[in-house]
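Letters A, B and C name the chains as they come in the text, with residue numbers starting at 1 for each one.
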Amino acid sequence: MTALLEITGLTAGYGAAPVLHDVDLSVGEGQIVAVLGANGAGKTTLLRAISNTLPVTAGSTRFDGIDLKSVKVERMVRHGIAHVPEGRGVVTELTVDENLRLGGLWRKPKPSLDEVYELFPALANRRGHLGHQLSGGERQMLAIGRALVATPRLLLLDEPSLGLAPKITAQIMGLLRDLRDRTGLSVLLVEQNVRSALSIADEGVVLNLGRVAARQKAGTLADDADLRHAYLGF
Amino acid sequence: MDRFLYLTFDGLSRGAVYAAFALALVLIWRAARIVNFAQGAMAVATAYAGYSVTNATGSYWLGFAVAIIGGLVIGAVVERVVMRFVDHSSPLNGVVVALGLVLIIQGVLGMIYGNNFRPAEAPFSRDAFQVGGVALLSRYDLFVFAAVGAVVVTLTLLFTRTSTGLRMRAAAFAPDVSRLLGVPVGGMLTLGWALAAAVGSLAGMLVIPTELGLHPNAMDLLFISAFTAAVLGGLDSPVGAVVGGLVVGLLLAYVSGYLGATVAPMAVLILLVVVLLGRPDGLFSRAKARTA
Amino acid sequence: MTTLAQRATKTTNPPKLAKSKIVPLVVTIISATAIVALTYVLPPFRNYQLATIGAYLCVTAGLTVLTGLNGQLSLGHGALMATGAYTLALWQEKFNLLLPGIVVAIAVTTLAGAVIGLAAARLRGPYLAGLTLAVAVVVPSITSTFDETFNSDQGLSVALDPPPGVIPVEQWQAWTCWAAALLTVLLLAYVIRGRFGRDMRAVRDDETAAKLAGVSVARTQVLAFVISSACAGLAGALFAVLAQSVSPGAFPLTLSLFLVMAIVIGGLGRLSGALIGAFLLVALPSAAQSIAEDAGSQHLEGNLALTVFGVVLVLVMLAAPGGLASLRIPRMNRKQTRINRKQKGQE
């Protein structure tokens, strides 16, 4: 089975010195791949390089066989790739409902928000509230919900657990796993919270200083103490 | 008392025009975080185009329509061809480039039309109606209220009820995230400029018949008054722009009426200084103005 | 880095030679000699133009220091020039003593500058630009309000004694203007190299850091504005002498815009840039005038210069940070700017 997302030899970064060097990675259909590593390892840069938010200097990214190099950022969603950036990107000046609608505006006919509201009942209660009135957990749900409105095939998720209580993190991880099981959604999950990430991931990729240090099944990675000590700090 | 009432209505009528122009400034400020110092010149250019058509065809309304469409075009062109390439991390860059545009527009207009004042007819009578023996409003004033009111309502509906409006707001508030959600941020910016310029053109067409005539510099004072109105209301507040516009209009009417017309520009300057010293954020703003 | 900031920081670290205290003096003396020699060679009209360049240099030098080194964009210096010009005209009406008159003109304009500077001290960016723009638009109307004193649109004529000896008027004009200009530039050169110059640049680059380093930001801003106003007052007085009259029409909004254009194109923050700007302010309209005359069109007069100025300004701001005075952008910087823009998703 060819992978849905196929990254080969990716080199990318800001300015003269690249942050990522020669990264190989793939995500299959209905697979959750966790991207782990210390701060500055290049995890966020990886997601940005995939969605073309920052320039790629070498290597290729193929999604469903299509080379993403020349795809403009705003057209990524049309291919089925939804990127939830670092910090969530909830538009604080807009309401919950408006944020969600925003996720589906490009699609004709406009998708209904009912499913997302079913998925996140807490959001349904806060429909008319402005983004800045939401708690951290609610914002994360909003960001993910917004990404799901247009039924993407691949979700690029950048540190969803940041700043959230363990209970909420668990809820979110559970949700991602359910979505994968139910709908075949693929997720590329960047996380600092290694345990949570590996608990739902099929595969784990460890980045160190911009290079792939390890790439293994989630279970193996979780059990490999040396690897954990070396790259993940515990 | 009669005089006061008359001046009040006159002030509201002027104020409506300032409100519209201030809205144009606020629109661009919200979309691009710059003050469009070329707005007055752009409006004058479209007014010239409009009146040329009017003179050629005899129809004021055709000229009016041309001016507004011209506004859409000039706004889009300025954004695409010039503003897009300016490094906006410092607000001064946008200002200096806009000033360059002012020079270009005024120079070209002068070359084509000359620097004399051209008479500009109003489409409706500017004689005031008598209401209970007091001269209050003219047909033209009513037209101004109707036009500006229509603009305000249309823009409000556009921004709060339509998908395009939602896209435009998202593109202004959070451009990076909006791109990831499929919003064509560049296109929304162009649209914002086009709409703002069209509103500015409308305001320009409304004010010209009340002035000495059409002239490349005819809207310099309108710009200053509208800028003052926008600052008074808060640069990022459309409601503030409308309120500010009406306040400035009333101020100018009273000052002109009681102290003389030549003092009016100074009153605007003094109001601007007072606002900038006292409450630079404006009355309705939620964001902080850039002050030390 | 921002375009205007890029253009201005080229002067943060003046080359070693310029740091010497003697160099400005030497340059001034050499220039003075050259100018005097030149005035004997040039025909009268060119001398007049030379004088005009000198007058412009007074104001462009002050303005480039204010905007380039201190970061305050003023769109109102044309109005300050008008203040100096009208003061001189009124003084000459009463007293006909030129040198004291010029000093008084500078003093009055400095006072006006202090008032505006105080109002503007806490303003930044478009707010400051808007305020000074309002000044530029509104001040000419004062002549209509107090029309007994200022004679409204017709203006005043400037009473002047004929120049001493057998020197032709234009030559005397050139000497006067350039004496003033060179003195101004010399004084500014020392200010730039001194502690105040450092303070101005510190506030421009990073206000918070400057405050922490003990620089009084408000005082620096006001003082910089005051200094540049004095320069504008001097220039205005000189213009009154050159034109032998003053009127609101001589100081329109476009003059203020021209001044900004001149210093931006010439190179912000550099006195050499101020010279280039002053030269352009005379050469461009003159060239445009000849073209207009050849074309036989009255409309072209003046307006062609406006248009060309505008186009050059826009092009320079977009394409060449640093102005004509330093038109060398290392390839690296260009690429970096594009990468930065791509990151911000602007491309």
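Please note the rule applied: contacts are C-beta pairs under 8 Å (C-beta built on N, C-alpha and C of every residue); 3 or more make two chains touch, one makes a residue touch a chain.
As the structure is a computational prediction, the values presented were derived from the model and not from experiment.
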**Prompt:** In terms of Cα-based centroids, which chain occupies the most central position?
**Reply:** B
**Request:** Please give the pair of chains with the highest number of C-beta contact pairs.
**Result:** B-C
**Asked** Taking each chain's centre as the mean position of its Cα atoms, how many Å separate chain A from chain B?
**Response** 44
**Asked** Roughly how many whole angstrom separate the Cα centroids of chain B and chain C?
**Response** 30
**Asked** So what's the Cα centroid distance for chain A and chain C, whole Å?
**Response** 55
**Item:** Touching two or more other chains - residues of chain B
**Value:** 176, 179, 185
**Item:** Residue list for chain C, restricted to those that touch at least two other chains
**Value:** 345
**Request:** Would you pick out the residues of chain A that each touch at least 2 other chains?
**Result:** 53, 73
**Prompt:** Residues of chain A touching chain B in their complex?
**Reply:** 51, 53, 73-78, 82-85, 89, 91-94, 98, 101-103, 105-106, 110, 146, 150
**Contact set on chain C toward chain B in their complex** = 1-5, 71, 73, 75, 119, 121-127, 129-131, 133-135, 137-138, 141-142, 144-145, 207, 217-218, 252-254, 257-258, 260-261, 264, 297-300, 302-311, 313-314, 317-318, 337, 341, 344-346
**Message:** Show me the residue ranges of chain B that touch chain A in the complex, using the header's touch definition.
**Reply:** 163, 166-167, 169-170, 173-174, 176-185
**Complex contact set, residues of chain B against chain C** = 34-35, 37, 82, 84-87, 89-97, 99-115, 175-176, 179, 185, 217, 220-221, 223-224, 227-228, 231, 260, 262-263, 265-266, 268-269, 272-273, 276-277, 280, 289-292
